[in-house]
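Shared chain: subunit A. Partners: subunit B in the first complex, subunit C in the second.
On to the complex of A and B.
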């Protein structure tokens, strides 16, 4: 058996499972069993899959495929055309392995929490969670930019579906706003992609780079610059960077905690995947790096300061998540091996920590049915164990040692100093302090201040599965904090290739 | 002239895209916004088709009486057309979801005005 076929299984399995779950109605037990089995298998597949490429349809480039090249004229086989990829190609390396593994872990705990917190789990909701995961895995693996666009659209639809399925007040309005904006960003992203196709004749990223580097395309062509700006617009929408930070944080707040945990992971990994493609294609242009750093700094400042002004803890978390995205962007924008490694490491850490926080704070919603901090208080006395776990998650987000974000933020500061931009390091330190203050303010109002008399705490017990999920996230945070090389060693090869 | 028709087609695509973005951003009625989004999607599709157009080219179907060399030199580039087909499917699915959401919001708020629906939100 060709084990590289497992690369495609990472996409096919969640899609097949999602489609099957979608057909199940009122078959709670079957839904639970299939969803859990799929969720358990998802993080295991990337660990079993050997590194390499998967060519859909078996279409290798003609230079490597003598059978297909046989009988073709020299106008094709004797030129650079023989180097080009004929079909969709997925590339799987150690960085993709780590990111898809972490995405699988988050999906597992989102499904695990959903199945146990819901009396009658909906097959449609599980369908949406799995479709989102499949799309993100494809976005991370695909070397074909049009294939990436297709999964970008599926991921956007899955996120809209997760919001619609939440049943939270005003969720339909938020879903409509998000999809309307997405329906402008999507076609513009596609326009950027087809401009690249028009100039290079390809949609395969490796082939496009080959064309640009070998002089088949003028790198200073205005069409390429236009393509860069349109693709960047789509990237900002998908990842929730400014000017889309408000709608993205609203989307987080209108999803159920497990859904929000997964949606933020989608945002983080889309930011990384499309960000890497932008760097691969346009790194010859210094403006690309300046733009990425500029947008990221704005995202950090806007996200974290707007979090300070919110009174809904889900909005607070949403804005903090946007602020943390800025750190990842800075790492990518610095463009050095250390910077990119730090940015990717921060992406891994942020996806875990924010999921940890969404599911942790979700227990408050589960017990009180409200997320308004003005109405909340005294939750520490309701469940001190969960309160401690949430506090640790907040400390991790702020970058307190020995937790994981400390390591990645330290690396980012070192990278910015190495790149001759110490002022960015100072901004990152200051904003980490503000993140800590914002989190502590939210934590105090929800957990520590006296419980308001009118607050009704429900009798329903927090499921053990939720506690297990939180403890597992904490273990990941501590492990990556104490042994960062587990992650950085997987990310360094990709980062070195991008410089 | 052939070149002119291609240029005109690019111009039409550009116009559709601009009109679509304007309608989606500035018109208040949700149905008009959706029509604008359809314009935008169709503009992008027309742009791709125009880009794949080859003056004097033939359809990319290899018939028995053709030689590979002749086919390679004269046929149009099929990739843009494959992209358009996929994008039509994506656009139709997305528009269906948007229409579904608008239907529900219209029942709830009794209006198709985006500003009224968003104003009512939270009340």
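On to the complex of A and C.
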């Protein structure tokens, strides 16, 4: 087991940069330079970091550390205590590499768009974006569930900050509601973690699994089952699955487009990280898989049908993003290697496509200062290139070939049929068609129908950086659509380990 | 009265109760109808999975869903009214969901 210091850099760098940016006021050029350099470096670090693990404030388990174990009594070295990890452990493998790389790419384009669309970029806003990214990197890497909770809370606060900083009407109310709801779900998640600690005597996920599998803990212990239910409830809040879909879609709609792009990526990767922990810890219990599938089907149905009835395009995207989360959950819930690989691949695809859509539709907000589809129209004439890019993003989300979500949705359907649940495949196909219809409804009302007389289009030109970001997202969508093995080969090892 | 007119009538009723003064356009009515059909179709297909527990239970549940879909239609205007941004509504559904999750995981596992 190699100790790998570069793993820590993935978290320390964005935090250090965020703290420094927070101190800068009215130094626009310095803010821009530091933010861009950090954003460029973020996706590069995971590519340079070798696979391995890193400890904070601890040592390798005594069983792997003969020097430290020498002279210790047999009650420690001869029991399961010698297997336990003594510090906060971060694990970095091919799946984490891909997810943190994609998160870095989304952060880069969010920062890139923010800096070029804003005349006076705020260091505090950049602080929030980087703190969120650092937290999500830690959540993806951490094998310590309490450490994960700490970063989960930081990510939640960063999201609230991004909403507060947006300046969009009623944003304070939304931020306050998200905090209040978080005050219920967060402590309940922590209570679940505390119960796990109480039963297993540990906060390291690998050690907890060791205790459960080797009979040191009764798997049917009521406290363990209660912990599972509370952690599942916290997972619903963190990822925006029902009943938290309403507040999550509201949060997306009250953030600026680059902020919304990043917040939805946070939701996707939190869903994956906590979902994987739930499966690792509780897959012995068949009800865990049934519950994940049930919640995911409800998320798909509610998210997509609610999106259909919205008139604000940011809200439409918010609900569609919730619906797409259901696809990821289905993959995890199926519990097969193919299903989990497909779910993780869908997570990668969804985070890219939804960012693509938020930033693409964000150009309409930039030109008109409104996101109400009833007041919009004729935007195709204003910027046909952006309209085409947004259309392609919508096609990608609906799963049209040769774009990336086609591959992941096809894999999910195959996995559901292989698992003996073709009904889920039928629901996914049906809802993909409705997703396409919902998107086309929004696209038609914003871009294709005649421009309303009262709609005022501002003269400000859409920055080239925004167009570059959209083209880059399109390239990722096409590349992963044509060569899905680039992503799936990185995800298969993790998926196989969870079965 | 055909289903489109029925949806329009119901939307007006729900809007009147909610004191909303937005006009009902062709797009909103069509979207509501599409959402209604999507909801019923998805739930019906999902209920087929109950066959894994018992085929007779599946038939009973499909019949129940069909009866509810016919009797309570249109469901979407009501669902939209419930799924709003009101903090009280959100809190209510969060507490209900917490109860369901805990009951299913805790008592569901202990009593099987």
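One rule holds in what follows: the second predicted complex is superposed on the first by the 492 of 499 C-alpha atoms of A that agree within 3 Å, B and C clash if a C-alpha of one lies under 4 Å from a C-alpha of the other, contacts with A are read in each partner's own complex, and residues count from 1 in each chain.
Following the convention adopted for this analysis, contacts are C-beta pairs under 8 Å (C-beta built on N, C-alpha and C of every residue); 3 or more make two chains touch, one makes a residue touch a chain.
The shown structure was predicted, so the numbers you read here are calculated from the model rather than taken from an experiment.
Because the two structures share subunit A, they can be overlaid on it, and in that overlay subunit B and subunit C fit beside each other without clashing.
Once the two complexes are overlaid on the shared chain, A:190 sits against subunit B while remaining clear of subunit C. In the superposed model, A:445 makes contact with subunit C only, not with subunit B. By the touch criterion stated above, A:201 is placed in contact with subunit B alone, subunit C being left untouched.
When both complexes are overlaid on chain A, the residue A:180 reaches subunit B and subunit C alike. Judged by the touch definition given at the top, the superposed model places A:73 against subunit B, while subunit C stays out of reach. Residue contacts after overlaying the shared chain place A:486 against neither subunit B nor subunit C. Look at A:150: by the touch rule set out above, it reaches subunit B but stays clear of subunit C. Ranking subunit B and subunit C by residues of subunit A touched puts C first.
Put simply, the nearest alpha carbons of subunit B and subunit C end up 6 Å apart when the two models share chain A. Taken together, the two structures place residues 177, 180, 184 of subunit A in contact with subunit B in one case and with subunit C in the other. Subunit C contributes residues 22, 25, 27-28, 31-32, 34-35, 38-39, 41-43, 45-46, 48-49, 52, 76, 79-80, 83-85, 87, 89-91, 93-94, 96-98, 101-102, 104-106, 108-110, 112 to its touches with subunit A in the complex.
Subunit B contributes residues 17, 21, 24-25, 30, 33, 37, 40-41, 43-44, 47-48, 51, 68-69, 72-73, 77, 79-80, 83, 86-87, 90-91, 93-95, 97-98, 101-102, 104-105, 108, 117-118, 121-122 to its touches with subunit A in the complex.
Within the complex formed with subunit C, the subunit A residues making contact are 174, 177, 180-181, 184-185, 188, 220, 222, 225-226, 228-230, 232-233, 236, 242-247, 250, 285, 287, 291, 297, 300-302, 304-306, 308-309, 311, 374, 420-421, 423-424, 426-427, 430-431, 434, 437-438, 441, 445. Interface residues of subunit A, counted against subunit B in their complex, comprise 71-73, 75-76, 146, 150, 153, 157, 160, 164, 169-170, 172-173, 175-177, 179-180, 182-184, 186-187, 190-191, 194, 197-198, 201, 203.
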